[in-house]
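What follows are several structures.
Shared between the two complexes below is subunit A, which has subunit B as its partner in the first and subunit C in the second.
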Partner chain A sequence: MAEAGAQAAIATAASPAKASAWRLRAGPANAVPIILFLLIGFAAPLLAVIGYSFMPPRTFGLWQAPTLSNYETVFNSTSYISFLWSLGLAALTVILLALICYPVAYGLARVFGRWSTLLTLLFTIPLFVSENVRLYGWILFFIKNGVLLGTLKSWFGIEIESWLFTEGIIVLGMVYVYLPFMLFPMTLGVSMVPNETRDAAFDLGATRWQVFKEVDLPLSMPGIIIGFLLSFVLAVGAIAEAKVLGGQQIIPITHDIEIAFTYAQNWPLGSALAVLLMLVIGALVLLVLRRFDLDVILGRR
Partner chain B sequence: MTTRSPVIELRQITKTFGNFTAVHSIDLSIGESEFFTIVGPSGSGKTTVLRMLAGLESPTSGDILLRGQRINDVPANRRPTCMVFQSLALFPHRTVGQNIEFPLKIRDVAPAERKQRALQLMVQLRLPEDYYGKNVTKCSGGERQRVALARALAYNPDILFFDEPLSAIDYKLRKTLEKELKDIHRETGKTFVYITHSLEEAMVMSDRIGVMRSGRLVQVGTPNEIYTSPNSKFVSEFIGDVNIIPVRLNGSNKLHSDDLGAEFVAPGMPNGFSAGHLVVRPESLRIIDRREDAENVLTGKLYNEYALGSRIQYQVRVGEQVFIVERLRQQALNKQRDSDVMIGWNARDSILVGD
Partner chain C sequence: MSPAERSQRWRRALLWAWALSVVVFMYLPAICLFLASSTSSRYFIFPITKWGFDWWQKTFNSFEIHTLFKTSISIALLVTVIAVVIAFFGALAFARYDWKGRSLYQKIVLLPIFFPQSVLGLALLLWFNALGLPLSWKTAVFAHLVWIVPVVTLVISIQVYSFDPALEEAAFDLGATRWQVMKEVTLPVLFPGIFSGALFAFLLSWGNFPLSLFTTGADTTIPEYLYAKMVAGYTPGVPVLGTVSTITAAILLLGGYGLIVLRRRARLK
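For the complex of A and B:
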């Protein structure tokens, strides 16, 4: 037995080519479970949605003759209004987030020192609570006779119309919900700018504003771009803000998709809308990434 | 050395960070067109001094004078000074040309004129012309040094500061760049203030050297003065290999070493000297055959020898103490390890210092 083992060992040692071939296969072999998981959990649903978008309207089978009639329906309908609302609200949210988050990110990265950890924690804690619960909190705050208007009325005798169920309140909700997704990549971006590089620009005669424009902004651009993309993609997919805070006054595209899948029981139409949304967002993201090559910004290429 | 009119002066400069005093009441005057180097170990406060000179840090107390004008409150971007940083602090998102042109762009110089000046500086600093459009992150260490210096020169400052820019560069290239920097100093006629932790580097380039220790300037002088007459054990050790013997003055006006149990003839003695250190440089210490060959003599064992190129260094052990002796290669000693050797020196070749 021991002799056979020894012989096997000699045989293995004598054929190193065979051993290394096995080692090469070990990598792909280890990747198999995760590949399977991604195929079943990620690629398959996506492919199913794409597949459904080509099925006849109001059917539930995936193996029928493909048709473009769902896309025809979409292009002949007023869905573009929902698309525009979604993109418009998301764009506005991202712009407001950028304006709010840059100074905070700058503070977290450079000014607040050891308080930064505490502040970061405070920005993170709301994420532990469900988005819907937080939005209903805002309702209590803004509703007629609620925290804000009730206080104004009983303490100062001021009566104002509630801002609930307006576009403004939807944007407020979206800015509030997606703030961390802009703030944290931005903070990382700002903290990547070396102090000596800023000092050097200042020492070479640049004013504070020129230092910001020539050094801070371009060098923190990777973080800013990632924050933009992350919060934009999430904000285009937003639905709860318009439903809860907007009182369904505005129907974003995500709401249309939900209606098609649930109330209307028209999966192929919902799928077509979802595919179009993915194409629009994908195109925008690719456009941004082409314009701002992160590697070039970082000087890696 | 001729006295130059001072271009920048520090008067009683102190800098504290919280409870920590980084710089203790420094007085220093640097002359027009001088190459002045501040040397000290890390944490000695030399970078803080330089940052205050550049305007990137403001002194807690004391005055900084530029040609007699107090400039404490003038920020870095309005001082006629420029700094080459330890990290070089080049702009990684810009090309070599854009980096060099940065100070000109800030001053709204026309693009054509900017480019002309940048190319001129590139020639002066031996950077190939086709590097103009090259990404600065793709340059080698030495090329980046030159870009950083070109960028600083483009600002056309009266005084250039250097914060250990050569510390991350390998020995051979560093030696080349040290000499190039001295040439640039000569060509431009500007005042250079350089900081380093290497006294060897300082010796090569400087007109004068200031040695810093724990936030204090302990000695200022020409490289020769620092080398031949250090005023403390700290400065003498900083220069490199050196033999130091703790001694005290005895009744017969000679120096006594308790560790070695020996008595030495003293060189010129500071006033009121009672105890300190006797410093003998390796090249002043000789291996001798007869006791009469030197005024001070010790006997020990040859422990090891090291070839240093043109010279050979010998380690001789006397009791617990190790002595370093250097000889020219041509005078190599032909002795076995552990053989008895006699070492000696004359009083005038030694220096007596305090702590």
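For the complex of A and C:
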């Protein structure tokens, strides 16, 4: 910051009026296009959802007398089961992801050296293939006579029931889909720990465990928390895993919302459910993000 | 070798083994898709008895698939161009300038990334309906942008963070106009970030399903088509297209990364 200030001062001294006046306005001016776009593309649709949630059930216009009946319907229904499934599956996914990703993040940030970039790219590539298709790959792996069971049967003569359409497979699918969203912020976090601090702790006689607990973990916490938040929020909104791999045995809340919008043709009810989901997610995101300075995490050094 | 060194070595080996198993885990579905696409029979039974690429040929010769490709590519190209322009300025405001309200601005820009896409797609459906807009691939472009512009802004911002503002100041001092500074200094220095941003925009739009599902109307993109086929029953065309998508993404990303490395080397010379 001080450096930037000094530079600004030099610039002002060199070409006083032009540069400094422009610099002051440049930030907000550059922000205008994206802010305008998000106003009509993000804020307005969310307001539309909120608006629809107060319309009479099974109507499609926005200009009728508002009513609370959709929220009454939600609170008197079994939607809370879907909410609990969504939250529970997301929590389990996040815990598993933390355990799986930490060693990888640690390796990417400190051990793998120049191979890290290639590995990071390898973890990025699947993100660009649509979720459904990748989950379909898992079906081919687990299905009867598929890659796993077919191999077991023909090579070892073992025949077991397929694990498809169980809760376990849904969790596996969610861990698989959201892994990069935990891994990348976590790697950023781990690379924020200065080597000097770790060396100093070792020199002072700390054990490996102590260094992990007292140095590595606290100093990489911002990245880890962002990873938790991102993967949890995305996992709460997950729908494809339960639909494709879970065989619709479990209905997460997003599926409930989709059903209300499509088969049931009850937009106001779906909107009310969506508003409740948005409240849960929005509260969580704001609560966590408020505590962080994004400049520090994203690399302004 | 001292015991400390030996344990160090063990730890490295374990970390490598773990990371590589996670890579295999990430690619297992892609491998299964490839296996399923390279059988000549109508149904997938493993181990494969009759290998062959007939289904690849059938898929590539289908007129329906050509139309789908056109729709998907039109959407992805338009999304890329618009997203990069908006996100470039957004990233300058995100990371380059200090201004009042920047911290709040950063969080607002990231909000759509943290939002479940299926709900966002439905919200946009309601919004287009309230505006009376007919749904087509054009509304899908808009829908994709809502999610992709923030991602691209983030990608470009990371490059902007490492940008030295003194370069711009020096150009100003030497009498360059604002436009000249942009063209000769800012854009070339930020090029790798803009390039990765464009790549992300294209690929994320290409592979997007939840936003397309509710906003394309009568037009169909490849992910939508694949989903419809998956639900309707098995056809080997699905693994073929899935494999093609994976390989395309891999070539674009690895190739793009190679380009950036080559360019950097050429500069250093």
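Assume the second predicted complex is superposed on the first by the 248 of 301 C-alpha atoms of A that agree within 3 Å, B and C clash if a C-alpha of one lies under 4 Å from a C-alpha of the other, contacts with A are read in each partner's own complex, and residues count from 1 in each chain.
FYI, contacts are C-beta pairs under 8 Å (C-beta built on N, C-alpha and C of every residue); 3 or more make two chains touch, one makes a residue touch a chain.
Computed from a prediction, not measured in an experiment: that's the story for all the values here.
Once chain A of one complex is fitted onto chain A of the other, the partner contacts of A:274 are limited to subunit C, with no touch recorded for subunit B. Looking at the shared chain after the overlay, A:248 reaches neither subunit B nor subunit C.
In the superposed model, A:59 makes contact with neither subunit B nor subunit C. Look at A:197: by the touch rule set out above, it reaches subunit B but stays clear of subunit C. For subunit A, the partner that touches more of its residues is C, with subunit B and subunit C as the two candidates. Legend: residue contacts after superposition of the two complexes on their common chain; A:265 is shown touching neither subunit B nor subunit C. Applying the stated contact rule after C-alpha superposition, one finds that A:78 touches neither subunit B nor subunit C.
Contacts of subunit A with subunit B, set against its contacts with subunit C after fitting on chain A, overlap at residues 298-301. Across the interface of their complex, subunit B is touched by residues 194, 196-197, 199-207, 210, 214-215, 218-219, 296-301 of subunit A. Against subunit C, in their complex, subunit A makes its touches with residues 1, 4, 7, 10-11, 14-15, 18-19, 22-24, 26-35, 37-38, 41-42, 44-46, 48-49, 51-52, 60, 62, 100, 103-104, 106-108, 111-112, 117, 119, 121-138, 140-141, 145-147, 149-151, 154, 176, 179, 229-230, 233-234, 236-240, 244, 254, 257-258, 261, 267, 270-271, 274, 277-278, 281, 285-286, 289-290, 293-295, 298-301. For subunit C in complex with subunit A, the touching residues are 12, 15-16, 18-19, 22-23, 25-33, 35-36, 44-47, 85-87, 89-90, 92-93, 95-99, 101-103, 105-120, 122-127, 129-130, 142, 145-146, 149-150, 153-154, 157-158, 161-162, 165-166, 169, 172-173, 178, 203-204, 206-210, 214, 222-223, 226-227, 230, 238-239, 241-242, 245-246, 249-250, 253-254, 257.
Looking at the complex, you find that subunit B touches subunit A at residues 54-56, 75-78, 81-83, 85-87, 89-93, 102-103, 106-107, 135-137, 151-152, 155.
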